[in-house]
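Several structures are given next for inspection.
In what comes next, chain A is part of two complexes: it sits with chain B in the first one and with chain C in the second one.
Presenting the complex of A and B:
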């Protein structure tokens, strides 16, 4: 009951930001998909494999870069990163700025419950804002048969990896905001670490390695944020 | 034996090298209204945050309703109301939303009727966002939210700061109403001595992090006094009297502010100093507080025990 009240409170608080992210993401992605479907470009594979209409199509390349859905990928990644940073800012920096921590903390729940409620709200926000949208785009493009070949599930998974990377950025920024360290010391360790993980995950060749890097980063960031929050003075 | 709802034992807090609170020893019994007074930066907010476990003490400990402040459980916090300094609430919420949110944390304890009565008493719009409220209205919302769960102990950090006289009075009346109805304990800090004088029965004075007085309001009022001695010629160059806080000289007169000294001793000193006559001037609490805290330096001059 109390946990649900806290999650609901958090979702209400971040609702405005979520709506903006959903609108921008849907608009940009929709535009990319629409233009990709309406104006198919037979030459756009050439930049990857030298494919021209008369050449043999490299199946692997198509798997890696199936248009038009793949065009949404960069938008998804940027949206996830922005959403992560925005959520951390709304959930932690705003509280600090408005000095409402004392009001938040002094209530009949433990500090860890308060923090888990925030994390849960963030995860729900990522799923609702980006996860559902991405999956819907995938299903739509698959159903339409707009892709030159059947869309592999890998494309869907890669999109979800981008969303997970947004979560990594969220936890990194949250750790920085929760940290009571001075700005010129290790306050921004969390954000820098999350940025490094983002780069490290993107250069992985296999999805398994990518998941491993993200999972490790999430464990480190969540446990550190929890530890910092529980021992912090407000 | 009276149950103590708030106890601190050598509570000390340093921020880096800066001493904010120095060995605070307090015992506040159940059912009283305690005014916690001190100048800006005296350590009031620090002390309150330490008591509520929001800060960690450098040394010492404190207990609220029998629980260590650093280990206050969810159940203990449910019994303690806290009005934060500046009435920091969620700006994006309306009163209705805040009520719904707060109620979830006090199952079976939240008094809907009391909350509705207070909102009506203060004439607050229930569907307006908090960010559009004035400071006074925020204070009223804050008080209503804190009182609705019927807390056994109400801790308030400068609740009337920035409020005009009429709203301050409404606020204090609301607080007194609670105490009279339910025999609860209130511990509140304030800069406004008039408020303390109006409602408190115990006064705790803190200055530069040091406890200077902890006694009944009547005792404090009786203890700090100003005496004007008149001399035929000039006043004696050296004043040697117990409990001297301040000394001002003018031609043929000596104005002393004294603490904890009875009238007999004043008469004795007047005689020994060769005063022609003397009179005790009535002081209000604000004057007493200013004189009492202006004199200290960093010494603990008097330690008053609660009576």
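Presenting the complex of A and C:
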């Protein structure tokens, strides 16, 4: 019960930021989708226009982005990164700045419960804010036949990978914030590492490898954050 | 076990991986940046060396013969074709020159007015894509791409899309309204997914539009088969089946009749479209069209198959082979310098041979021309503009991780001798071979610097050690990862030290007893109020 109460409390504290992210993401993505769907024939005269009799067809002409959803990808990734950084800032940096950690951890719950409540609130925020919206966009585009042929499930999975990357950024930023190291030494290594994972995950040649990279990063960041938080003196 | 203690077992290796990765990447980036900065800001040294002596008449002749293109007339006569530039009233004019093999000038004039029609050797480089581009795509924020082949009965109409399912290795067809219309696999186009058989792992794809169509036709090569897929005609045709053998390479000669790719003066309509399929066992299959014909030929075992070109006229099939003295250039960069010094530092022999491929697959020599080529131009020490870069890299590479170097070297070896021809493999091979990343590594100095790092870690950690096992682990770790290892060690293991009250030597605070004398930390003196606090 205490855990659930803590999660609720965390969600209440970050609610303002979540609403802003949802509105911005929905508005931008909706606009991109709307402008993509407005053109009734997104394929015929653009990418496939180079196909003419007697000519070689460049292989990249046949490799198509999943229109009209592809424009939402960058918005989703940037939103996930911003949400991750914002959540870490609200949950950890603010408290660090106000020097209220001692007050928070003296409550009748363990430190690990406090930390897990924050992590859980962050995960719920990602799912509610971006995950649900992204899945709805995908289902909407698939259902209304805006794409020349049904979109493969891989597109949906890749969108969720972007959301997971936002979560990696969140844990990286959280680790940096709870670290007691000096700013000019290794304090921000967590955030830098998360940034590196973001790039590394996107250049992977298969989804399996991408998931493996993200899973490894999450294990590293979560365990380091917990270890640092549980052993730190506030 | 409490969570706090349990998490330590995961957090300790996690921290090591994180710090080590970041330090390694940082050092590698610096190793690329520093030599570049040195190259930019070190003045002098780039001035060209003294001009060499004027070439003699014989050397000029040798250079001209070596640089000329060797062309065959259909009867096998060899002519040497070169360009000559002359200055007339301040204007430069280029003209084509035709020489015979005895170095007699036969003709000179405009390139388009060549008096003879030589055998043409159509482009034979495959212009498709390899499997890595298709099955293992990188994805970007714009999502990964989907292989979709449209069916276009006319320029402005698309009636079907055929989407390749990477996992299932077959195509799924959709009509313009997005409804499934069928599946295309190795056994043709079927209505239901359980009827279709997968193509097998794709190795190479090439696509083009026939002269009278807007719908792409695909050449789809798997390990043992080559398919021609025409979605407009609803056909999946097996062009070639190597049975148990593996197809190594496909080369096309005038196969697609795409005149725009060839030089304007080439008359390719005189040639039959031909496709060469090389198998890993060394067989060469030739598939000819107009009319359809399949024949197999073999080339001598010491030939490099990529130096052989095929031209099929209406009457005969020719094969041209360029040979050169000595063994072929090794793929591995470490062996290339030695090969150049051994076989290309003095004039060497080259030759071109013209064969006729008989219907039985045997090769009949028609003519051969041999000439002497000048040695490869090599820079003297200090003249090569890359010297400064190499020197700077020599110094910065001394802080590389020996373990990572060995791993990278192993990976490079694996890539160089593998069949991978994708962009990623090319980039790695360039970076580590041609990009000089490895050539300037001095292994001895590198290991000496590693040892120095181990000494520093040992000096730092001796008084801070908590156990011998941990201490030895860190020394081995620093030895394996050099500077990155030392920085990781310092980031994770640095703790303050105090002077031991018993022996006076410096000791860490991570354990209760002194690492030198075994005495515990002194208890603070009991004060008057302690009794109150303790109770």
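By our rule, the second predicted complex is superposed on the first by the 209 of 234 C-alpha atoms of A that agree within 3 Å, B and C clash if a C-alpha of one lies under 4 Å from a C-alpha of the other, contacts with A are read in each partner's own complex, and residues count from 1 in each chain.
Heads up, the rule we're going with is that a contact is a pair of C-beta atoms (placed from the backbone, for glycine too) under 8 Å apart; a residue touches a chain by one contact, two chains touch by 3 or more.
Please read all numbers here as calculations on a predicted model, not as lab measurements.
When the shared chain is aligned, no partner comes close enough to touch A:187: not chain B, not chain C. In the superposed model, A:162 makes contact with chain C only, not with chain B. Shared-chain residue A:99: touches chain B; no touch with chain C.
Comparing chain B with chain C, the partner in contact with more residues of chain A is C. Once the two complexes are laid over each other on the shared chain, residue contacts for A:234 go to chain B alone; chain C is not touched.
In the superposition on chain A, A:152 makes contact with chain C only, while chain B stays out of contact range.
Chain A uses no single residue to touch chain B in one structure and chain C in the other.
Within the complex, the chain A residues that touch chain C are 43-45, 48, 51-57, 59-60, 62-66, 69-71, 73-74, 76-77, 112, 145, 147-150, 152, 154-155, 158-159, 162, 185-186, 189-190, 192-193, 196, 202-206, 210, 216, 219-221, 223-224, 226-228, 230-231.
On the side of chain C, the complex with chain A involves touching residues 3-4, 7-8, 10-11, 14-15, 17-19, 21-22, 25, 127-129, 132-134, 136-150, 152, 155-156, 158, 161, 163, 165, 174, 176-178, 205-216, 256-258, 260-261, 424, 491.
Every residue of chain A that touches chain B in the complex is listed here, in rising order: 1-2, 4-5, 9, 12-13, 98-103, 105-110, 233-234. Those residues of chain B that touch chain A in the shared complex are 49, 52, 54-56, 74-75, 77-78, 80, 82, 84, 86, 88-93, 97, 100-101, 104-107.
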